[in-house]
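Mind looking over this structure? Questions follow.
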Amino acid sequence: MLPAGAKGVFPIAPTPFLADGRIDAASVDRMIDHYLAAGADGCTILGIMGEAPKLDLNEAIGFVAACVKRAPNLPFIVGVSAPGFAAMRALAHAAMARGAAAVMIAPPPSLRTDDQIVTYYAQAADAIGHDVPFVIQDYPLTLSVVMTPDVIRRIVTDNPSCAMLKHEDWPGLEKISALRRFEKEGKLRRVPILTGNGGLFLDFEMERGADGAMTGYAFPEMLIDVVRLTREGRRDEAHDLFDAHLPLVRYEQQQGVGLAVRKYVMMRRGIIATDAQRKPAISLSATAKAEVDYLLQRLARRDPRAARLILAAE
Amino acid sequence: MLPAGAKGVFPIAPTPFLADGRIDAASVDRMIDHYLAAGADGCTILGIMGEAPKLDLNEAIGFVAACVKRAPNLPFIVGVSAPGFAAMRALAHAAMARGAAAVMIAPPPSLRTDDQIVTYYAQAADAIGHDVPFVIQDYPLTLSVVMTPDVIRRIVTDNPSCAMLKHEDWPGLEKISALRRFEKEGKLRRVPILTGNGGLFLDFEMERGADGAMTGYAFPEMLIDVVRLTREGRRDEAHDLFDAHLPLVRYEQQQGVGLAVRKYVMMRRGIIATDAQRKPAISLSATAKAEVDYLLQRLARRDPRAARLILAAE
Amino acid sequence: MLPAGAKGVFPIAPTPFLADGRIDAASVDRMIDHYLAAGADGCTILGIMGEAPKLDLNEAIGFVAACVKRAPNLPFIVGVSAPGFAAMRALAHAAMARGAAAVMIAPPPSLRTDDQIVTYYAQAADAIGHDVPFVIQDYPLTLSVVMTPDVIRRIVTDNPSCAMLKHEDWPGLEKISALRRFEKEGKLRRVPILTGNGGLFLDFEMERGADGAMTGYAFPEMLIDVVRLTREGRRDEAHDLFDAHLPLVRYEQQQGVGLAVRKYVMMRRGIIATDAQRKPAISLSATAKAEVDYLLQRLARRDPRAARLILAAE
Amino acid sequence: MLPAGAKGVFPIAPTPFLADGRIDAASVDRMIDHYLAAGADGCTILGIMGEAPKLDLNEAIGFVAACVKRAPNLPFIVGVSAPGFAAMRALAHAAMARGAAAVMIAPPPSLRTDDQIVTYYAQAADAIGHDVPFVIQDYPLTLSVVMTPDVIRRIVTDNPSCAMLKHEDWPGLEKISALRRFEKEGKLRRVPILTGNGGLFLDFEMERGADGAMTGYAFPEMLIDVVRLTREGRRDEAHDLFDAHLPLVRYEQQQGVGLAVRKYVMMRRGIIATDAQRKPAISLSATAKAEVDYLLQRLARRDPRAARLILAAE
């Protein structure tokens, strides 16, 4: 189960495929090993960037089982968002039975009013069962559902099984401040806030009170170090490291093509064997690959550790 | 397999539930018997109004099997729309293996450009296999995807397995005329066009060249008769019958609550045992039920056959 | 100024144009005369169906002045929705200075959360001045902004200058009931509720507690009679009359092409000289005109008064 | 008139206000002087970030006149997007009469299909007159209208008065490549492509073939230098400079609050007197201001010229 005070970095793991489209079991193991070695505090699988809708239920369950088996002590959060509660329940139960720590639920794009959003999460919690901890995914850019701080407060308050907020509103700095203010004022029980958006605002999100990051940037080492440095009060160092990665973080943060960038870098780093995606997928043009290569060269000059990490693979 | 010249009325069947949420097998049989007796030319199941996302995969497959078993000679079209191709493929194959005649695919709401829509259907056809006939569902009001007549022409032309258009654009009369014009000009092979939107424009849709209706109005007898009368050139009679039902057709055509109206009337008609829906659901207030009852009384005065059909259940 | 207990029928007036695109002053007068003679309780101009964005500010002001001049005792509500408050304020002030009774404000489509909507109306009320009565336009189908009953309650309560609700949610019957319940419970001061959506649900909207209709159906006489008959408790007569018109009401309720239908019927009735619209506009095909003609013939058989009204023009 | 081979940097100018909401004429002059001194090739006013909807028509015209008067030889592009063609035409004519070089038109959010977009621009060109050069604004993130490269090709080809593309698709690198490929293949006449999105991808956009930038980042000097360095083939230097600014560029690129950041920095730089916005506006919290201050300090350490520019104001 997800520890109450969960914090730190939960990488959003991609799903590694072989060129023929099958799940690449060896890369799954290597990727999980990599997250462990880097010092990840948990891991989120089958999220939006995990190509979850391209896996059928049995594949999804098998993937959860393989991840948990590789790292039995790492808390895994499993994305179970679905257009209906039947599929959500089926995957949630199967995932928890195989050792997942929690599930993550994004709201369907049709929700509009505050009450609709609050009601949806109450129904979802009913559907998966109140013993299954769930993470709210607040991602208006992609989902077009806008949750005010007060809506989040209501969901957290109404549902004891709500265990975490994945915050990827954009702009969202004031939202973190507002939620932390609610806590101080006793209006909101404390839930961990991990931030997404590819890490594009992680530097300031940590300063605003986030507990860590839940995102899939291809160098989780940077996320982990920025989180640590900020906690240690080493602000300038945190920003220096963050800024060194920002050109690539920014490049990865292109909707649609972002996953291709991420998988390409992870392949170049030797973490996964191929950058194959299942269809439908956007792949990188030769020019785009050359741009990423150039960014990696530049990164290597600015972050010695990244340089070693890239070199290690070559 | 769906016959090449399919036409007439394919009721959109709701999924009958017991009060405790289980599928009501007896009502399934009775409902299918009812469609057969009324003279339906086919039947569409697990559509948007079939609460498909509330069924897990095994339930969905079981429902398909039960329907086909009850009416082995009736062509069943099975809704397989899904956020990813894995789930779509799984249900499509299972449905066809159990005797379905075709599948129906709605575009995901994120599609915007002409090319995105055309590409999506090409990928979907690849995913389910080119031996599986599919129906395009063109329903911008709910799905927010707008297909021009030319986009439909491209999908039909590019995909030999495209077997039918379910047309529920609104307003959509000119679209039917445009598609029929394409056919006359040799730009488009003939595919059947069945219309939806609860039948709200069926009178004129038939006159514009539609081949029939695919919608779930609680009196499929009316849909069948209007289609027949129009084909026989009995225009005034077709409109007289249609107009008698229009107040109820209109009342049923309320997004969200429409299914509750439909199930309530089917229950009152004795076709299904309860009007239970799985969650999330909008149910009818007492006032709304009284309004439907009043509309049924008025209908009974204007359509003698409907009067008998209502009475038969009481 | 809008009377506190405003009720009845406020037709949404189209803006009559000549074939060359100029405003048709003679038709403006004839149309206003027609509304007066029919017994309208007020009139709404420059609404969504008034082609307001196609008029520049001076034309809009001139149109307001011409309408008020023709019927100085009729309360005119003027649509002032705009992407910014500068244009809204300019038109609101000019309209009130020329004798308008109130203005109507629709929310911009970008609003999502409850608070955003409430804040928007507070800012709009500030912008136009608190001495200018305003009408909330609640029209999610077109505007994609969803207001809960509670959001409406907050807007009405926060803004003393909020003078009316134009309700055209769909489905919206339960919303009327909820608002009237709020009033009974003392949670909401009474504001008139007039309903739109082309009148498609007017029969039951009146029974749910609406105070009348604000819509532009080409036979305002029917709207006026249905409102009156319902108030007098003559339910069956109200529905009989409503049902006679429903086929045409429904035909007019086609987004985009609806205005063309409405202007065509008003032209056939002799109320306006032409059915010209300014660009961009969707015009009626010959087939569509023939369909409307057929509906008018059928209407004439069912509603003797409508028959006379149509004949009168020929 | 806009020169045929326009290129370089056209800053998107904010509209400077005094604390009481009036336009700040002295700041307007100082801002335009600043753009000239920095080496801007043109200037775009009354864009989305120019708070255009908060100005009434006379104010907008006065602002255009003041800008042109201050820099008669600088080509000014004036945003004229409006919900209707009447307002668009009025502002376009007034702006051109006062010396504007061209106008910029964004598509209304309701457009969906390829043909709708193409038709809209044809109608807009008709409305403003074919002697008025116009710029296409392609900004799906905010406008939700997605234009394929082919749609842009059609608009450019159909409308001789189309004079430029403001590209702010995101991700949009491949779109620039596709358009340049069309040109090479003779399918598209050459129009300048200036890029937006706050400059977040300017480094690679230039390398893909963009002709410059049209965006309002608070250090136009950086935009100008990156454009120049890229043209001179000094890739690493261009990226070094760009990367130094990227943390602030990224911070400014927060929807809604971005303009507040921009005005705050321009105020700190002494370019405008206050960071006042007209309502509705999002203002910076004290924390946010401190974050921007910190980013400016860090920027000063990495870009000596920026350091001088910031110091100059203090």
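Every chain is named by a letter (A, B, C and D) in the order it is written, and numbering of its residues begins at 1.
We take it that a residue touches a chain if its C-beta (ideal position, glycine included) is under 8 Å from a C-beta of that chain, and two chains touch if they have at least 3 such contacts.
In this text, all values refer to a predicted model and were calculated from it rather than measured experimentally.
Asks: Taking contact as defined at the start, I'd like the list of chains shared as neighbours by chain A and chain C.
Replies: B, D
Asks: Would you kindly give the rotation angle relating chain B to chain C, two copies of one sequence, based on a CA superposition and rounded to a multiple of 5 degrees?
Replies: Rounded to the nearest 5 degrees, it is 180.
Asks: Does the chain C and chain D pair touch with the same residues on each side or with different residues, judged by whether over half of the numbers are shared?
Replies: Comparing the two copies, chain C and chain D contact each other through largely the same residue numbers, since over half are shared.
Asks: List the centre-to-centre spacing of chain B and chain C in whole Å, with centres computed as mean CA coordinates.
Replies: Centre separation, chain B to chain C: 33 Å.
Asks: Quick one: report the Å distance separating chain A from chain B, using the average Cα coordinate of each chain.
Replies: Here chain A and chain B have centroids separated by 39 Å.
Asks: I'd like to verify one number: the distance from the centre of chain B to the centre of chain D, where each centre is the average of its C-alpha atoms, in whole angstrom.
Replies: 48
Asks: By residue number and range, which residues of chain A touch two or more other chains?
Replies: Nothing qualifies.
Asks: Write out the stretch or stretches of chain B touching chain D in their complex.
Replies: 112-116, 145-148, 150-151
Asks: Spell out the part of chain B that touches chain A in their complex, as residue ranges.
Replies: 52-57, 59, 82-87, 89-90, 109, 119-120, 123, 126-127, 278-280
Asks: Would you mind writing out the residues of chain A in touch with chain D in their complex?
Replies: For this pair, the touching residues of chain A are 170-171, 173-174, 177, 200-201, 203-204, 207-208, 239, 242-243, 246-247, 250-251, 254-258, 285, 287-288, 291, 298.
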